[in-house]
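First the structure, in the form of structure tokens, and then the observations on it.
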Amino acid sequence: MPGLEVKLHKLTLKNPVLTASGTFGYGEEFDDFIDVNALGGIIVKATTSKHREGNPYPRMAETPMGMLNAVGLQNKGVDYFVKNIYPKLLKYNNCVIANVSDSTVEGYVEVAEKMNRLDHIQAIELNISCPNVKEGGMAFGTSCPSASAVTRAVREVYDKTLIVKLSPNVTSIVDIALAVEEAGADAVSLINTLLGMAINAETRRPVLSTVTGGLSGPAIKPVALRMVWQVSKVVKIPVIGIGGISSATDAIEFLLAGASAIQVGTANFTDPRTTVKIIAGIEDYLRRHSIAEVKELTGGLLL
Amino acid sequence: MPGLEVKLHKLTLKNPVLTASGTFGYGEEFDDFIDVNALGGIIVKATTSKHREGNPYPRMAETPMGMLNAVGLQNKGVDYFVKNIYPKLLKYNNCVIANVSDSTVEGYVEVAEKMNRLDHIQAIELNISCPNVKEGGMAFGTSCPSASAVTRAVREVYDKTLIVKLSPNVTSIVDIALAVEEAGADAVSLINTLLGMAINAETRRPVLSTVTGGLSGPAIKPVALRMVWQVSKVVKIPVIGIGGISSATDAIEFLLAGASAIQVGTANFTDPRTTVKIIAGIEDYLRRHSIAEVKELTGGLLL
Amino acid sequence: MKKYILDLKVLSNRALNQNHHLLELGSDEPLPVMVPGQFAEVRVDGSPSTYLRRPFSIHRVDRGANTMHLLIKTVGEGTRHLAELKKNESLNILLPLGNGFTLARNSEVLLVGGGCGVAPLYFLAEQLFRQGNKVSILIGGRSAGDILLAGEYRAFGNVYIATEDGTLGEKGMVTAHSVLKKEVASFKKIYCCGPDGMMRAVAHIAAANKIDCEVSLENTMACGIGACLCCVVETNQGNQCVCTEGPVFDPLTLKNWSAAVETGCSLDQ
Amino acid sequence: MKKYILDLKVLSNRALNQNHHLLELGSDEPLPVMVPGQFAEVRVDGSPSTYLRRPFSIHRVDRGANTMHLLIKTVGEGTRHLAELKKNESLNILLPLGNGFTLARNSEVLLVGGGCGVAPLYFLAEQLFRQGNKVSILIGGRSAGDILLAGEYRAFGNVYIATEDGTLGEKGMVTAHSVLKKEVASFKKIYCCGPDGMMRAVAHIAAANKIDCEVSLENTMACGIGACLCCVVETNQGNQCVCTEGPVFDPLTLKNWSAAVETGCSLDQ
């Protein structure tokens, strides 16, 4: 049986398949459909320092092989998370990762500090790439100085594995990746959503209450794959691939491009069993190709 | 009958439907399928100062609701164009626009100068956004100073309508649009392709000879629509919308977002009659909504 | 309630009129327990423009025959594909999702449905009838041809009809039907399903007459299982997911629903 | 030749074996004139992962019956959908595309096909036979089950067979068949269709024996009509589009084809 274990900085994942934040709730939404503990880990939805209502409805638009969302970080805030959600996450014995977001550096630091004290949260993913909030979010992820500043500030208060999640809406994602690596990130994950828009031609109105939103799903896979390849060539820290991954073949492409692990996002909506199917498919691929360990695939693109 | 005429700087187009460069050959490839003269105009494939062989095969990869291409500006050079291709374009009595590309500012200027002398070429589209060449191309379109410099240099030698075609692979397309407007562009067209990549998991090799290529088709429509909306809010010159447009509904969305005209690209491959169907569909929409002139749609998004 | 992902078999697909189809689905395994008001998320195969699943109310369940029905109105590409499903084709489906209606017992209830809003009402009427309620059903449509399955509802109680063009029942908006005027005070509970404007108007009538009311919302959904937070409605306790906290709500808990328009509303979704 | 965009009707769809289907297409209008070696670009409806059209050789044309055939090997989602087409379904198609083979007259010719490369050979063999040629046809496959339509080719000439496992005809690669050794000098022209490696080997044999040769390339295509420049092959005159300058080429005009491997090649595409 091929080895599926991968290392992500200090973490050991039983397999390289994680869930993307905001697409997998807090895990329990999927308990009826799959054994969540079979996954390499789960990244739960974004937590901010304060309670947030998110954006007004409508928040969703379907697009060719993808969707736009404008959720806008709806969550009950970090204190509620610690008290009411964290206890429910203790039932998962795989890697549980929190996604941390906010509008100010202080907010990010507050959430990271509080997450740091939670034993069962083994890493945080710093979301500096949310396109759906007026302040902060993606603004941090689209310039090197601000990406660097927030990473550095969080690094000071956070001891465990610090993953920084990058925005694709930039001229050079490589520069941002290098900046956050230099500022202390233990890993980078990419990509968050591409900024997009949908219009209803009949009503002449935007479909989303916020006019623009984040594009995800298979449509963005080629862009995500390119960025993972570009970034993994230059950074020394592990890269986690995200973007349109819906099958084992997709996942393997990201590993070959240089990812050490991958996240499944929107595909959880079209098939809630996507993650476990991908794990089985990766195993099958390794067997067919007589590859002993999945980690041999990382960066294994033949040029 | 609703009015389909639109103005683009000094040009009057009989309708807002153009063809995107590199997807419509020199027009004649479509003569068997449609009346090319029924279109608002055609933008023929890129012309450079010198003959170029383009990139090695394979140059194409299919992706979810889109495709990657890595053609790399294959063409016989501007002198061949003037001598052998231009005469064949005289049969088209609609607006014929040349797409101008190169690796150096001097190259762009040389092509523009030669195009300036051709009566029947009523405008040029400066392609500062081709992601498929090692030098020049997109490099010009991803920074304000270089976009500005090449636009300014071409403006000096080119008297007629100068359209600058923008790259979506930037943090702020608005800044680039403002820079080329300031440098003398008469219109901007957007978007060119998104930089993407495809891997064959079985062979573990990139699908394209150049590893990365340009993503086009319906998959990119939400990103293109967002950029057209952002740019048309800030520039005073007309905006031409491009990206995944495959139906009259798509076209109308771009007009509502702020475009004065649109270009059909990859959809020409899936249905060579797409352009004429879009014209008919726009007419039908105007009639159903009792709108007298198509130009009333431009920027007509209700917020 | 435990949710399932199942491949159900199309047993029949009956066109009720030009744009409404009744899909009968079956399975070799016993179907999960479902209650009126719950819905299913259906994957539409073979439609390139339908990437996400589509939500549909559970229209009927026949536990004896181990079958269930969906009532599908063709509005776009996804529903058009479902309308073309053939016998023996397979349909991948998540169910049962969301919370059902609160079922009254031995009471007097009114069900109001407009347009495709009648979809969950069949199952609801049947169960309310079984719980010993005196059931009245008011159905509205633009024209006689839009009034679906009225005959079948008669098995469960009185059926009232309103059509905008007067071709069947009372002429006018469903919300202007006489049963919602003079007789409304006789009901202990009103259940309503249909276009937003209609539900707001009915909720308003119920509130004005101090009658319990439940409405079933149809917000656009990406997941149907509470994972994406796309389907929210503003409630007095903040944004809540229609797919997990609803789709059935007491309109008094919804924000901006008390100021419901009393004027007519089109049945056009 | 003028190109057409047509909606053709599926008259029949016959499975030749597990992964090869013969699609018979018809039209109310007279089909356009087509020549052997030309191809069609087929739109695949209802397959979300098939965005672009798919190119297929014209396998047969029956002018009398006003029908044509495509021979389709299932390799991915697009071809899988085509294999499932049912009688009376419609297929949108661009044709005829590209240039056909140069047809010899009253001569002695050899046709070599491997794997799915036999697709254009039926039409070619038939036309060459009609032009008074003495036709020999060599077909290769991995196993007896891969040898398609051999019986039908017999109407046009001698049929030779090679299978890698020896279950039919000579055992070994098609390129090692005896007809390509001792007897090859008797042919005035060789036509070849199949996997790249096979075509290179045959081209090499032809060149070594100074026999005219034509091969039919299968580069990946986006448009099929010369508009995208994606399908290029390197020729002695630079990059040329396979869809408009080909798909049939004289291998001597192709760059890097003279150095063809003489070693065997798999029939695996």
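Order of writing sets the chain letters: A, B, C and D. Residues in each chain are counted from 1.
To be clear about the criterion, contacts are C-beta pairs under 8 Å (C-beta built on N, C-alpha and C of every residue); 3 or more make two chains touch, one makes a residue touch a chain.
Since the model is a prediction, treat every value here as computed from it, not as a measurement.
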Q. What chains touch chain B and also chain D?
A. none
Q | From chain C, the most remote chain by mean C-alpha position | A | D
Q.
Out of every possible chain pairing, which has the most C-beta contacts?
A. A-B
Q) Which whole number of Å gives the spacing of the CA centres of chain A and chain D? A) 47
Q.
For chain C versus chain D, what separation do you get between their C-alpha means, in angstrom?
A. 55
**Q.** Geometric centre distance via CA averages, chain C-chain A, whole Å
**A.** 36
(Q) I'd like the Å distance between the centres of chain A and chain B, where a centre is the mean of that chain's Cα atoms. (A) 34
Q. So which stretches of chain C touch two or more other chains?
A. 48, 51
Q | Per-residue overlap in chain A, given as positions that touch at least 2 other chains | A | 63-66, 217-218
Q: Chain touch graph shape: choose line, ring, star, complete or other and state it.
A: ring
Q. Pairs of chains that touch, anyone?
A. A-B, A-C, B-D, C-D
**Q.** Residues of chain A touching chain B in the complex
**A.** 61, 63-66, 68, 142-143, 169-171, 194-199, 201, 203-206, 211-212, 215, 217-223, 225-226, 229, 244, 249, 252-253, 256-257, 285, 300-303
Q: Flag every residue of chain D that touches chain C in the complex, lowest number first.
A: 46-48, 51
Q. Touching chain C in the complex: which residues of chain A?
A. 22-25, 29-30, 32-33, 45, 53-54, 56-60, 62-67, 69, 71, 74, 217-218, 266, 268-273
Q) Considering the complex alone, what residue numbers of chain D touch chain B? A) 2-5, 43, 48-53, 94, 219-234, 238-239
